[in-house]
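Below is the structure I would like to discuss, written out as structure tokens.
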Amino acid sequence: MSTKETGGKTRRQIYEDLLRRRSLRIAALSTALVVGAIVVLVPMAPGWEKVQKSFFNKDVFLKTFPKLLDAFLLDVAIFAWCAPLIALLGLAVALMRDVRSPALFPLRIFGALYTDIFRGVPVVLTVYLIGFGIPGLGLPRPWNSPYIWGSLALILTYSAYVAEIFRSGITSVHQSQRAAAQSLGLAERDVMQFVVLPQAIRRVVPAQMNILIALQKDVALLSFIGPVEIFRQAGVFKSLLANFTPYVGAAVIFLCVTIPATRYADYLMNKQNRERS
Amino acid sequence: MKTLFLTTGLALALSATSAFAAGHCAAGKTLTDGKITFATGNPAYYPWVMDDAPESGKGFEAAVAYAVAEEMGFAADDVVWVRSSFDEAIQPGVKNFDLNMQQYSITPERDEVVDFSSPYYAAPMAVLAGPGAVETMPTLEALKALKWGAVGTTTAVSVLQDVIQPSSDLLLYGDNADVNAAIQANQIDAALYDLPTALYLSAVVIEGSKVIGQFDASASGDGDEFGMLMEDGNPLKTCVDEALASMGKSGKLAAIEAEWLQETTGVPLVK
Amino acid sequence: MPKLSLRGVVKRFGDNTVCDGINLDVNAGEMVCLIGASGAGKSTLLRCINLLEPVEDGEIFLDGADISIPGLDPEPVRRRIGMVFQSYNLFPHMTAVENVLLAPRRNHKKSRAELMPEVTALFARFGLAEHMGKYPDQLSGGQQQRVAIVRALAMRPEVMLFDEITSALDPQLVGDVLDALRALKADGMTMILATHEMGFAREAADKVCFLKDGRVLEEGKPEEIFERAQNEDTQQFLARTLK
């Protein structure tokens, strides 16, 4: 059969169409079976009714959702003022670890210690120690606010991770770029500022996106030292109503923000991989 | 033959007594037959439990627990203690305790998910002011202007939001220790606790703090009465309520209160 | 006085001696071609001349002044000596013209407006006028290499070093680059080339040096080397390369 006779499709195209239809059918069937099994079998578990009432209670969900959403705005605000500062401090620490001049050697040591300590201590401990510890030294209001010191704890911790990623980006810029810039007689500072950093930063954006997504969730840790953001608000509801559904509500709200961010990060990473290969 | 009869009869009577003694009401209704399991907090705070050691029977709630157990026919040796968090108490599924005593306030919403015994204590809410706010007048107006904190999982939150309605945002914490840290760091002016806890904290824990006022038990609506928490539909409830009722009538409950919760005069009512 | 003078230059990497006592004189306006097998030390020698690598021993003189003193600030020297690399090394995040403008703007503190006439002329000179606004990945290899040459020239160097700049190019693009080199020579630029382009070396060089194992085994005018090489190693090398 020639292509004309089969209505304009080659043998190969017809075959691939057939394969595609078949695989779609099989995928649909297997997905339906799995979902069906979950929907039928889970409610058959003896404790399901109680679990549903306790975790997936529609009335509680609807009742608590508006206030949870309101509290989430605080999480968003904390994120909004922490993220830029983290980027700046992270870059500064990365550059600190890179200094060559002997006079600035203490900066190198400081940078290394800094990243070791703040990547090594769990964030929640840092929030406690800094969030309560420093105000406890006797600062006057409003300088002892948990918002300031809790945010600082987040900033210090996340800058350490961001700094390491920037560092890896800087070292990934090929030495030949440095050689070319130096052979033009550019000062070391200009080499870094105009040649190495622009390339390094572009390269690590996908990796930094992952850190950003982690930060979106860790802002909830500030709840331990007072601010009534979504995690704490869900806890208040939990206690008032003796029900865990508010936590499910909080999780849903978080997912509304983190899923798009994760998809975007994946998109950037795939784009970068395609460009590289 | 007669001796045999007598001994058997005596033995039967004795076993019947001990069966009677092992809580005829509570028989077969506890986690472990012949034993009654109480849960308390981790840690358990003064003055509810002394030195975090409920087995000593010292402390208001520890004492009440042993007294109720005795009323129900359990010996002191038959009382078992476990620790639990608030979440463990309200989560669905099998519990590891018969009765949970951690200053739980009885609320209708909570009652839908778990069961409470009849109240064993009515605790007024009290204002614990930090060193910077001890001069505040015990009026609602003055209290409104303070920066408030509380433990997020307590009914103090409702009192703050519904009755006091402070003009600045609340700061809520995970437990007493964090609230105290916030007072000491001057991040909050005052916190709301039940009166015995507030008195203890002002006397022993937070230097320079003072209990400047208490709320009338009725003013704060529900949430002022402590009940023992148990699994929803637990048949043990009737036995416990019976025990508490007789302790109330005999004056035993009041005596325990007098022993462990010192007289609370001198703390003005909030107007 | 030679423009550039090397005396006993030694360069080691760990246990490996790459340059083993090199002597070389380059007069102003001369084109010197370095030939030899890979690993003979040609690239390393060039990188020592513009102080990208510090030398272990020996001296390098530019206009009679010792530029190889340990601890000497390399930047002023590098501004007088330009270098073009085998893999062009253009900055990928900048357009061609931005690549060229960067160094003069930062080093000579001139504004873009001041520099544009000269830069535009340079681009036109090397047949790149319509490529000024393009990014390196939009240019062919030969175009990129010529932009790299323009970039080095924008600093108005006194000496230009070329490290096998046609080795990575497709054969049909090599011709344009060699034309560019011829134009430079005609302008009187002092040039040192490490190259495999024997035909070009023969035609354009003033002096050819054969390097092996870090030493200059033979040097002389092109026809002396290519037709009457004295040294056995030189002959072997040429026989293999020129067949």
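Labels A, B and C are assigned to the chains in the order they are written; within every chain, residues are numbered from 1.
To be clear about the criterion, contacts are C-beta pairs under 8 Å (C-beta built on N, C-alpha and C of every residue); 3 or more make two chains touch, one makes a residue touch a chain.
Given the structure is predicted, the values throughout are model-derived calculations rather than measurements.
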Most widely separated chain from chain B, with each centre as the mean of CA atoms: C
Chain centroid nearest the full-protein CA centroid: A
Two chains sharing the most C-beta contacts: A-B
Centre-of-Cα separation between chain C and chain A, whole angstrom: 48
Distance from the mean Cα position of chain B to that of chain A, given in whole angstrom: 42
Distance from chain C to chain B - Cα centre to Cα centre, in angstrom: 87
Interfacial residue positions of chain A with respect to chain C in the complex: 176-177, 179-187, 190, 194-195, 198-199, 202
Partner chain A, residues of chain C touching it in the complex: 47, 50, 52, 74-83, 85, 87, 89-93, 102-103, 106-107, 148, 151-152, 155
Of all residues in chain A, those that touch chain B in their complex: 47, 50-51, 53-55, 132, 135-136, 138-141, 144-146, 223-228, 232, 235-236, 238-244
List of chain B residues in touch with chain A within their complex: 86-87, 90-93, 107, 109-110, 112-114, 149, 152-155, 157-158, 169-174, 178, 181-182, 184-188
